[in-house]
Amino acid sequence: MNASPQIEERARGGWGWLWRRLGGRSEAALAGPVERCVATAELLLAESSDGQAVHIATALSDMLAALSADEMALFLQRLASAFGPDHARLQAAVNDYLNQPDGASAAWIGAAAQMRAVELLRRLNMTPGATALIVALRAEMLRLGRSEAAVALLAEETRQLLSSWFNRGFLRAEKLDWQSPAAVLESIIRFESVHAIDDWDSLRRRLDGNRRCFAFFHPAMPGVPLIFIEVALTDGMSDRVGPILDGDDRNVPLDAPTHAMFYSINNCHRGLAGISLGDLLIKQVVLDLRTEFPSLKSFATLSPIPGFRTWLTEECRIGRVSDLPEALLDAPDLLHDGGAAGPLRDPLTLLCARYLSGRTANGGSATVSDPVGRFHLSNGARLERINWCADPSPKGVRESFGLMVNYRYVLDTIDANHRAFVGDGRVAISSGVAALLDPPSVSRRIARTSAWIKTAPRPTSRTTTPPASSRHCP
Amino acid sequence: MNASPQIEERARGGWGWLWRRLGGRSEAALAGPVERCVATAELLLAESSDGQAVHIATALSDMLAALSADEMALFLQRLASAFGPDHARLQAAVNDYLNQPDGASAAWIGAAAQMRAVELLRRLNMTPGATALIVALRAEMLRLGRSEAAVALLAEETRQLLSSWFNRGFLRAEKLDWQSPAAVLESIIRFESVHAIDDWDSLRRRLDGNRRCFAFFHPAMPGVPLIFIEVALTDGMSDRVGPILDGDDRNVPLDAPTHAMFYSINNCHRGLAGISLGDLLIKQVVLDLRTEFPSLKSFATLSPIPGFRTWLTEECRIGRVSDLPEALLDAPDLLHDGGAAGPLRDPLTLLCARYLSGRTANGGSATVSDPVGRFHLSNGARLERINWCADPSPKGVRESFGLMVNYRYVLDTIDANHRAFVGDGRVAISSGVAALLDPPSVSRRIARTSAWIKTAPRPTSRTTTPPASSRHCP
Amino acid sequence: MNASPQIEERARGGWGWLWRRLGGRSEAALAGPVERCVATAELLLAESSDGQAVHIATALSDMLAALSADEMALFLQRLASAFGPDHARLQAAVNDYLNQPDGASAAWIGAAAQMRAVELLRRLNMTPGATALIVALRAEMLRLGRSEAAVALLAEETRQLLSSWFNRGFLRAEKLDWQSPAAVLESIIRFESVHAIDDWDSLRRRLDGNRRCFAFFHPAMPGVPLIFIEVALTDGMSDRVGPILDGDDRNVPLDAPTHAMFYSINNCHRGLAGISLGDLLIKQVVLDLRTEFPSLKSFATLSPIPGFRTWLTEECRIGRVSDLPEALLDAPDLLHDGGAAGPLRDPLTLLCARYLSGRTANGGSATVSDPVGRFHLSNGARLERINWCADPSPKGVRESFGLMVNYRYVLDTIDANHRAFVGDGRVAISSGVAALLDPPSVSRRIARTSAWIKTAPRPTSRTTTPPASSRHCP
Amino acid sequence: MNASPQIEERARGGWGWLWRRLGGRSEAALAGPVERCVATAELLLAESSDGQAVHIATALSDMLAALSADEMALFLQRLASAFGPDHARLQAAVNDYLNQPDGASAAWIGAAAQMRAVELLRRLNMTPGATALIVALRAEMLRLGRSEAAVALLAEETRQLLSSWFNRGFLRAEKLDWQSPAAVLESIIRFESVHAIDDWDSLRRRLDGNRRCFAFFHPAMPGVPLIFIEVALTDGMSDRVGPILDGDDRNVPLDAPTHAMFYSINNCHRGLAGISLGDLLIKQVVLDLRTEFPSLKSFATLSPIPGFRTWLTEECRIGRVSDLPEALLDAPDLLHDGGAAGPLRDPLTLLCARYLSGRTANGGSATVSDPVGRFHLSNGARLERINWCADPSPKGVRESFGLMVNYRYVLDTIDANHRAFVGDGRVAISSGVAALLDPPSVSRRIARTSAWIKTAPRPTSRTTTPPASSRHCP
């Protein structure tokens, strides 16, 4: 039904009408594509007819889509600098407010303080397909915003606009499976960054049998997942990712799974950073799965620990973990070295528990810095269990010595956990993790291992190292 | 997929969790339903977890839906008075801005100036189905706002929120026909107010053959039309509504219609008043019909003139139309009186042309006050033709002596017409209408008719009056 | 996707190609529309290219749809007489078979024995939409077949063809509700003949709340229900139809209904008579409802008894029910006459039990003749309960003195009941019905009533009779 | 809606009910899976209740799906031998017919002559999903039928049943693209046998840009294509398959393609062999494409010539092509050898024209034996052009020395071409092909080449041979 107005325009002879509106100048007379976009943006803001605004928005949308990366950066800088609030108007509104500080004058201030760029984006969205473009523009704003404060401000204001548009009430949760359109599944392959999907066969293993995949969609971006989560239905809390990815247990009958393991969650659009999606998707999926499988008793993640090695390296450097020789940090291959690495298990697990629970060596408390950890803890999950040799892939070893962690979502405690974490920084932990945090025990075991490390024969050759792509521990 | 969180909550034992959150008080301890809604609204605004916010929004949504009309009014008053901006925060932001008036401080002001009620509505929308509720709340705000300024301000701020959500890019135009769900068609029957639909058979006559009906839908309100427009495909510009409604020509083959007549356009939600939908729908439908029927040459309305009699009565009263005896205005039945009413045709048509084109008796210009006229003229349509005896229904006679008007949408002039009207108040008129506005001619004809009126025998009995429900002129 | 080949043909200049194929004759040269159809039918049978056959089938389909009722009858007579089997070929095949009676010669006979008309209908079905046409043709065959044996034979052969096409595996059961297309719901209104639906409001009352409606559809007749069944979810076995139709209990919460009452089942196409649909739909609906409402314990009908009065009249006439005065049969109004009719309750109920269970006055067995009864009993249902004053509508009184019956489907006994009834004519009855069949009791009660009847004062005036449309007993 | 009856059965405790029906024997008491299937088949044929029949059909369907290949063969043999017609009944019907050979007795013969196995399959189809099973059974029948006449007869009777079910009116043509379900697209990869699809990227190249893919589906086999055709939209008649498969021209704008090239057509189910699908799909696609692209002037194939080399080898062997040295047939590599192979072009093209047009060396006529050729010619296509070096893949060289052929579908001549070919074996040829068939010219050029062949230096090493996978000619 929604034939693009642009077809209409083109049918009437291209964009002549637009150049005429732009002061009678021909396309060529305008300085260049960025200049044309800026002029068209001004026109769009000034247009009083909604019907006409749709046409101009369509033209601007097409022009923006045709910009090169450099031109786009230039355009966004112009947007940030020249489409701020109207300061004269704002100043007047402020004076009004100071004279009579009531609701009406406050509302007037609010309107005057708004960036013109935000209104521009709202109007740009009048043309079908513009929502995806605006999300892409914000991704670029975020990139540029790292070095340019004005663009960072624009990115933040755009976040608020998108946050209103990507409100939970407008999102649709959908189950993805082998009956889903190939175009959607291709996005899953493309955006899976936690545990890469090699090909369509691997993808299929994550969609059927006792695997599930759910995504949020927005009606203005049909066929484009916003965020997706992958789940394995099992009969116990998974402690290693290999069997999940290989689908070893895929044919286990689905009569009565007891555990739903969330093993991967991925955002598909950098432009939606800072907009709450993951928390909401997890909770929707918990509801959906509970309805489909009443036998489910436990919802937990099997999560990576992306910041562990970096943190540990730094802890060693500044002397907080004095006993652990740096040798360890240089010798990840030990982890692959069968029995030889065994002695490392205890100290690394203990240190990891400290890292993830925000405890210091002397039992004090610190901020949890692991991004995945912060996400699940602020969602109200509990730090449940740390798993040795759970992800022996090169990435897993590089990031966290192959360790992974289970966060568990217990419905009755989600709310309290969330508030304890967000309010006081307190991390909910299981008794198992609590046992790892007993200070003497930690120090003792680390000391023991250090001694071993110093005397242990280093592997003389890397030929014993298993293939880097191995997903299984020796 | 989207199982309501509320099901979940209830499964866990009702809203005990909510009362606990509300300070440990039991439901009974709270003063009453309005008090409970206000307390829950505060809780929702304070909630830091999105997952929890969904639960609270669901609870609040259910509570609001259960309020009586009086309670709802009370709640909205509380919203308007107690959920305004945080003035202390705004004052601080204003001071910052005065010290350093830049983009960042302006943004800070903008955030501080926002009504808390608007953020509340945004969060309320996290639960499925809340969008329709918010639209309904705004309808109530508008009603209350007539007498209470604070609620009127809230209604306006809510309009801005809804305007962002009901952005063209999020709307879906759909053709409605006999294959549409009965629930949707029932809405059409219910909301048609221009030319009432008596029953399902009448409805069907407006959906098939050479009739069309199009509506806008919003994805968060599935199955609920926002606005709809009814079209007759004909081979000439219709000059009376009877044949259209009776479907006399419905079976005329649709090989090559030349005219698309828009004969009814209706908004379905008072809560969306002030949000641009009609202009956009008309233009979408023009595009869709042009694609389906390349033979179409002319797009025009057959519109009522709701304000004509009121205007004319006032003109007479203040002596601007001195020659026309008030007798006329009291004797609408003359219109039904066959040949007898003939002499009225000319003067009424001339006066109507003056009314709709915003001309004064001496050729000066006035503001067009007819609401339907303002709508189409500001959309860029042209005042094309005034039709005598086009709607002889009681409503038609009562409002406009049975006159109706064609507004015509000519693609190439829509933009210029719109700007002339919005900018300078100039009305685009056809040569036919222009001929009616020649002052001497107007005065002359009115004078002639006045003379006639004075001497004309009044109908002695009303038995000659045709049935009031007649859609056809004698 | 399936653009009609006919569009194509017409684009190429109408059916000139067809008349050329028909021996170079012009359309006018052919004797008339029936003659043209017969000639085209021969052409279709002779065509060796499937692609061409589609074109011819489309042309024939259009021609047939344009025939008048008389012409259609003529065409079907031609089909029955001139499109029988090829007897020469069949004779040869018979000789072959007699020489060598094996599988191959039997197959050859089978092919030769087939009516050419059946192959014609199969080929006619190559054009989209023809299936509905063929069903309509069979309805006409059945009508004509009452007086013409050859057409009756054709109707039977067509039944076998349709039976293969309307195989259970090709049918789709669907729930109908207020979200269904208006065109489908209109069919429900039109084809409901057990308890007529007055208007769309009445229809809606049969679709939502604790009412359900299910239908079978065939993929080649999209949007056209084949048969539908109406169900009320209740908490007891309904004994009168008024509350069901009026929806008195529609708002009873659906937490845990215990009974599903099938109160109406209707075929939509006479042309599908003799093809098993009802039995299959009932059993599908039982499965679907059990899944949706695990609380359901009992599936039963509330059925009319269309043949009771006719049977009883005949029984009286031939003296088998000697004691019951014919007065009764002439005085149905007694039933409406409050207490006055009370004494009739027992004898009519007893006689009805006899009628429905296939028992004679002396305890012998007879054939069950009631068509609704035969349907449910052969489906394996049990004769459960006879309900006095269950349908006091004029139709109910006229057919069965207002009595209705519950047939109950008990899953574990359906199979045995079915076989007992189909094999030996034995009717499964509840203990309640069994009690009614005790011969002495029956005779005694009838005798008592007869005495009463003879002396009872007849109503002197019909002014006491309640409105004929009443659905409720006094 | 269509919850499987089998769920129901299992809910009631497995198949105990079935074994009870099978004479009270336990599952174990039956001789084995084949015996159980045969007994259940008899039960299904004997069942008088449709509701029960659905249950039995479901059980039989599950049992058959669980048979091993050997067991299935055994079962089909039993079906062919023990489920033939009832000869006693047939004999009686034959006698009736001989006594009174009319329509009724013929119908009676027809019914009696039917194989019981066919009725069994019809009843088996009462369970959802059985249609696909029956198609699979027929594939197996065809395989076994090569050596067993009784099974071949069963396969033929089953073909007639399927032919009625897969009637054009029941098929749905659909366009496949990147929005189609992955499960459907996977079938395309799997069943493409003309030009194999390597992976999903290759697949995508055949679905978008100026490529199209269409398939037939049957409603009882949702998501399972029956046959599909691949089309390239071009601006000239393609003479080599490489650019089509590589998608070299995929980004050519689709403003106005002039040619639709059908470059691959594949059946997906051996069990549907002998049922007309390809002809009908081609003609549907022609209609659909003409609607979408009015600029299309020519519909043609780029087809393989699978039988050419085999035919030519045989022609040489029996001396009909005496002058062409067998050396050629042994030296396909010459074709890859750049200029060196040039002299072969003329004679091979000429001989191929003879092969495809059914002409003998002396201008007489022979039967066209190429299966692809027979398919398109009987569909009414014209032999348009023979293309040298059109498919230099190993398969292309092996089958037809790299030659491919264009068959062209000209709407106005399809009917006449079809009838000339099917009736008299006459092949419609273009003037270009006619020129190749002039006998003296053919002999002369072949002679010239033979001389060249005899003296030409043979390639000394295969190192000059391009990679076998090459799709492009040197």
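Details
Order as written gives the chain letters A, B, C and D; numbering starts at 1 within each chain.
Here is the rule we use: contacts are C-beta pairs under 8 Å (C-beta built on N, C-alpha and C of every residue); 3 or more make two chains touch, one makes a residue touch a chain.
Remember, it's a predicted structure, so these values are computed and weren't measured experimentally.
Taking the options A-D, A-B or B-C in turn, the interface that duplicates C-D in more than half of its contact pairs by residue number is A-B. Here the CA centre of subunit A is 42 Å from the CA centre of subunit B. With centres taken as mean Cα positions, subunit C sits 49 Å from subunit B. Centre-to-centre, using mean CA coordinates, subunit B is 60 Å away from subunit D. All chain pairs that count as touching, in label order, are A-B, A-D, B-C, C-D. Note for the complex: subunit A touches subunit D at residues 178-183, 185-186, 199-200, 204, 223.
Residues of subunit B touching subunit A in their complex: 1-3, 5, 7-8, 12, 17, 21, 48-52, 54, 80, 84-85, 87, 90-91, 94, 97-98, 101, 103-104, 106-107, 109-110, 113-115, 122, 125-131, 149-150, 153, 156-157, 161, 164-165, 167-170, 172-175, 214, 219-220, 276, 279-280, 282-284, 287-288, 290-291, 378-380, 411-412, 414-415, 418-419, 422.
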